[in-house]
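The two complexes that follow have chain A in common; it is paired with chain B in the first and with chain C in the second.
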Partner chain A sequence: MSDAVTGNVTVPGTNGLHMVPCSLLAQRASKFACQITIKKGDTRADARNIFELLGLGAGEGTVLACEATGEDAGPAMADLVDLFESGFEGHADRTSS
Partner chain B sequence: MKLNEFVVADAIVPDLQATSKEDAIRAMVTSLKKSGAIPVADEEGIISAILKREELGSTGIGNGVAVPHTKHPSVDRLVATVALSKSGVDFASLDGEDVFILFLLISPPDRPGDHLRGLENISRHLRDQTFCSFLRQSNTQKDIIDLLDEADGDMAS
Partner chain C sequence: MLTRTGIAVSPGVAISPAMLFGSQEFRIPQRFVSVDAVDSEVSRFQASVATVSDALGENERVAREQLGDQYAAIFSAHRMMLRDPKLNGEIETLIRSKCFSPEFAASRVLRNYAKTLQNLGNAYLAERAADVFDLEKRLLKTLLGEQRPELSHLAEPVVVLAHNLTPGETANLNRDFVKGFATEAGGHTSHTAILAGALEIPAVVGIGKFLADVSAGDVVIIDGNRGEVIIDPDEATIAQYQDFLKQRESESERLAALNTIEARTNDNVRIQVLGNIEFPQEVTQCAKRGADGIGLYRTEFLYLGSDHEPTEEEHYDAYCRVIEEMGDHPVVIRTLDLGADKIPGDIEEFRTKADNPALGLRSIRLSLRHLEQFKTQLRAILRAAVHGHIRIMFPLVTTLLELRRARMILADVIEDLEEEKAEFRREIPVGMMVEVPAAALLAHNFAREVDFFSIGTNDLIQYTMAVDRAEPSVASLYRAGDPSILRLIQMVIDAGRVEGIPVTVCGQMSSDPKFVPLLIGLGIRNVSVTPIAVPEVKDVVRNFSVEDAEQIAKHALSLDVARDVENYLRTELNRLCPDRISGSPDT
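Then we have the complex of A and B:
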């Protein structure tokens, strides 16, 4: 079954996709059964893998293409978009890291 | 941005003796101070800032790796050091495992892009099991610098 859901998100916060948002993202992605891939250009990251997320080096305003594949892909993508739109619940702007 | 452009060679700790998070961070910052990369007067402030950052969530991100870091006005460019532990450091890592490879970063507050590029660079290398394996087998500052040089070359090609 290939229930692929795609979407674009924009990286919030002046610090970009640094370690705090990457940790939050990986934790959130791990709650879902589906496979979530995040792409910056040709560079791909498994949303559960902090090393790969940090390896995107995505600065503020970068548009990332997301794809979720699996039975709960829809809810996962909705959750992912919410997380980016919330500015990672303010963590990205509040912390110094 | 290459590893050896921001890793301070003289501050590398090839045989970290600390087994706790605070002692490990303290040893690495002290090593940066001794190398002249950070001002003596800012040593304690930097240690406090890094420990405060750890309270938000451990930078022990799995695979036996930790990347403690902070932004601090005492530096005008990204500086970092590497420490290797043979016995492991309890870093309250996300995967619950001890840490054997530590990269500690200090970046200027007004240059978030440099900080992100430093993290990006380090993460790309540290997800490579072969790189981590060779790093853990290194015993001297020179071994580590040579390995970082080699990794920089691979990334450039």
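Then we have the complex of A and C:
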């Protein structure tokens, strides 16, 4: 098992990390084998769990700390950062339907 | 506290938490399930999640095609929430560890999630709680729509409140836990009402819309004597009803002393008090209460309770069970009397889709059209008759030709059994129900061709008064005390006396104590009543002489309207039996 990969992301958009971004984030996180935790201050959320992500209550501009642990932690972190930077645009996941 | 009034159909009082059953709204009908139902309830939950998930997937597809990805993403997110393993795990754990119903467990967990979102302090995210509530609604709708929760898997005493109960559902009520029921729909003598009486579960029907005023778990009093449902009663009311229940208990003990005593008027005229039964099990209550036999064994339950047409052996076994318990007492078996309001499982195909089923193909008319089914029942009756005093009774006979045809088929069956060298009884009394005015008017002619009459007052009133007994807007016309009904009964009794055949009155009229002196005064010596009423009717009979009764009948016949007749009979009953404890507490 590789070491943890960490990184910070900033919540884009006008409505913060609301339902749809949380859903996209969880879908994305589910594609990787590694464990991804998103932290807002002391509140932690499993990136695969939409309710926990919503529970962060992360408004626009909030800086979140991400931590990925496991085999594909590196690519996973890169993908998540990309997702946040793109503002969750054009990432609706069709494969899940 | 809220009191709603309906039609009292099965006497007694019940005080228990409410269970809502099959209401139209997404109310949670029941909070707990029994331990042995847990696995099936978890499966039911999982199946509902799959159904809702598929529906959301379809919404997502349509939204993507017609509105665009950003809208589709909403449904995708809903589906993600619904499929969330942690959420599902929490709900399943509640079902398994606490025996919560899936509805209650799902609602509780989802509402918890929604509350968390509401408390985040972010206005936009707080609004997402609405999405969670929407999920809850979808899930409950699927859970409730899919199938009604199992009434047979109850874990605690309840009163069941429903829009309607089918006869099948009523028959399957678990008597250990269902203490009473009340429905928005239904009428005085609907089959559901008759079943409630048979099960001796206090019941009120035809209340009209009231389910919106109750929540699952609210304490509810069902007063099956007065026809009242009291929702969330105050402490004084509960105390009053509890006192009353105690009083009734001591009254039952007093009446129990009559179990071994024959019913005689105070001038020593013997009155036969027989029982009306629906299920073979009820015969035990009849025997215990000292009934003089079974005056009406309705055989419809054999058809209603199962998913197939009963076989000859199933008929035979049921009849043998009844005869065995009644010993030397007579048992009158009425052949199939399925009617419009009595919906069977398997033979539903026979139901006419006519506008007016009460006037359509039912009862003996149905039997004469479906001879195989009719013959199966007759064979079983004749075979069982070897073991006891069975009598056959044909229902709803309207013309003499119908009666003769039914007798011919009976003769055919006897011939068949003889050829087969089967063990059966050839000589068996054959009677008919008098419940159509046409038959009452020709009672003399009929009396020459049958061995006995039994007046079925429920249908006789319906057909004489031209009133649908289940239709609340005209139900007030349905009165046993109507002078026209009294006249018809008198005609039938007179015909029986002249032609020398016995006449019994069955139907709910004879179970009502105020009508007992009237009927005896008109000449009746046999009444067949609901088993729970046997001790009370025996008790009432002891308080008057035949001469008293004849005077009461004479005066009743001189009155013009049902209300006056019934008020008069009520006053007379109170005069004759001043110590009777009436059905309900004085409120």
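Everything that follows uses one rule, which is that the second predicted complex is superposed on the first by the 88 of 97 C-alpha atoms of A that agree within 3 Å, B and C clash if a C-alpha of one lies under 4 Å from a C-alpha of the other, contacts with A are read in each partner's own complex, and residues count from 1 in each chain.
One rule holds in what follows: contacts are C-beta pairs under 8 Å (C-beta built on N, C-alpha and C of every residue); 3 or more make two chains touch, one makes a residue touch a chain.
This one's a predicted model, so the numbers in the text were calculated from it and none came from an experiment.
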First, second, both or neither for A:15, with chain B first and chain C second:
both
Figure out whether A:65 sits in contact with chain B (first) or chain C (second), or with both, or with neither.
neither
Just checking: does A:4 make contact with chain B only, chain C only, both, or neither of them? Give me first, second, both or neither.
neither
Have a look at where A:81 lands relative to chain B and chain C in the superposition and call it first, second, both or neither.
neither
Identify the partner contact of A:57: answer first if only chain B is touched, second if only chain C is, both if each is, neither if none is.
both
Doubly contacted residues of chain A, that is, touched by chain B and again by chain C:
15-16, 18-20, 23, 49-52, 54-55, 57, 59, 96-97
Chain C partner contacts - residues on chain A that touch it in the complex
15-16, 18-20, 22-24, 26-27, 49-52, 54-55, 57, 59, 90, 92-94, 96-97
Enumerate the contact residues on chain C facing chain A in the complex.
57, 60-61, 64, 69-70, 72-74, 76-77, 79-81, 84, 86-87, 113, 116-117, 120-122, 124-125, 128, 131
Note: in the complex, chain B contacts chain A through residues 49, 53, 56-57, 59, 61-63, 67, 69-71, 94, 109, 112-113, 115-117, 119-124, 126-127
Hey, which residues of chain A end up touching chain B in the complex?
14-20, 23, 49-60, 91, 95-97
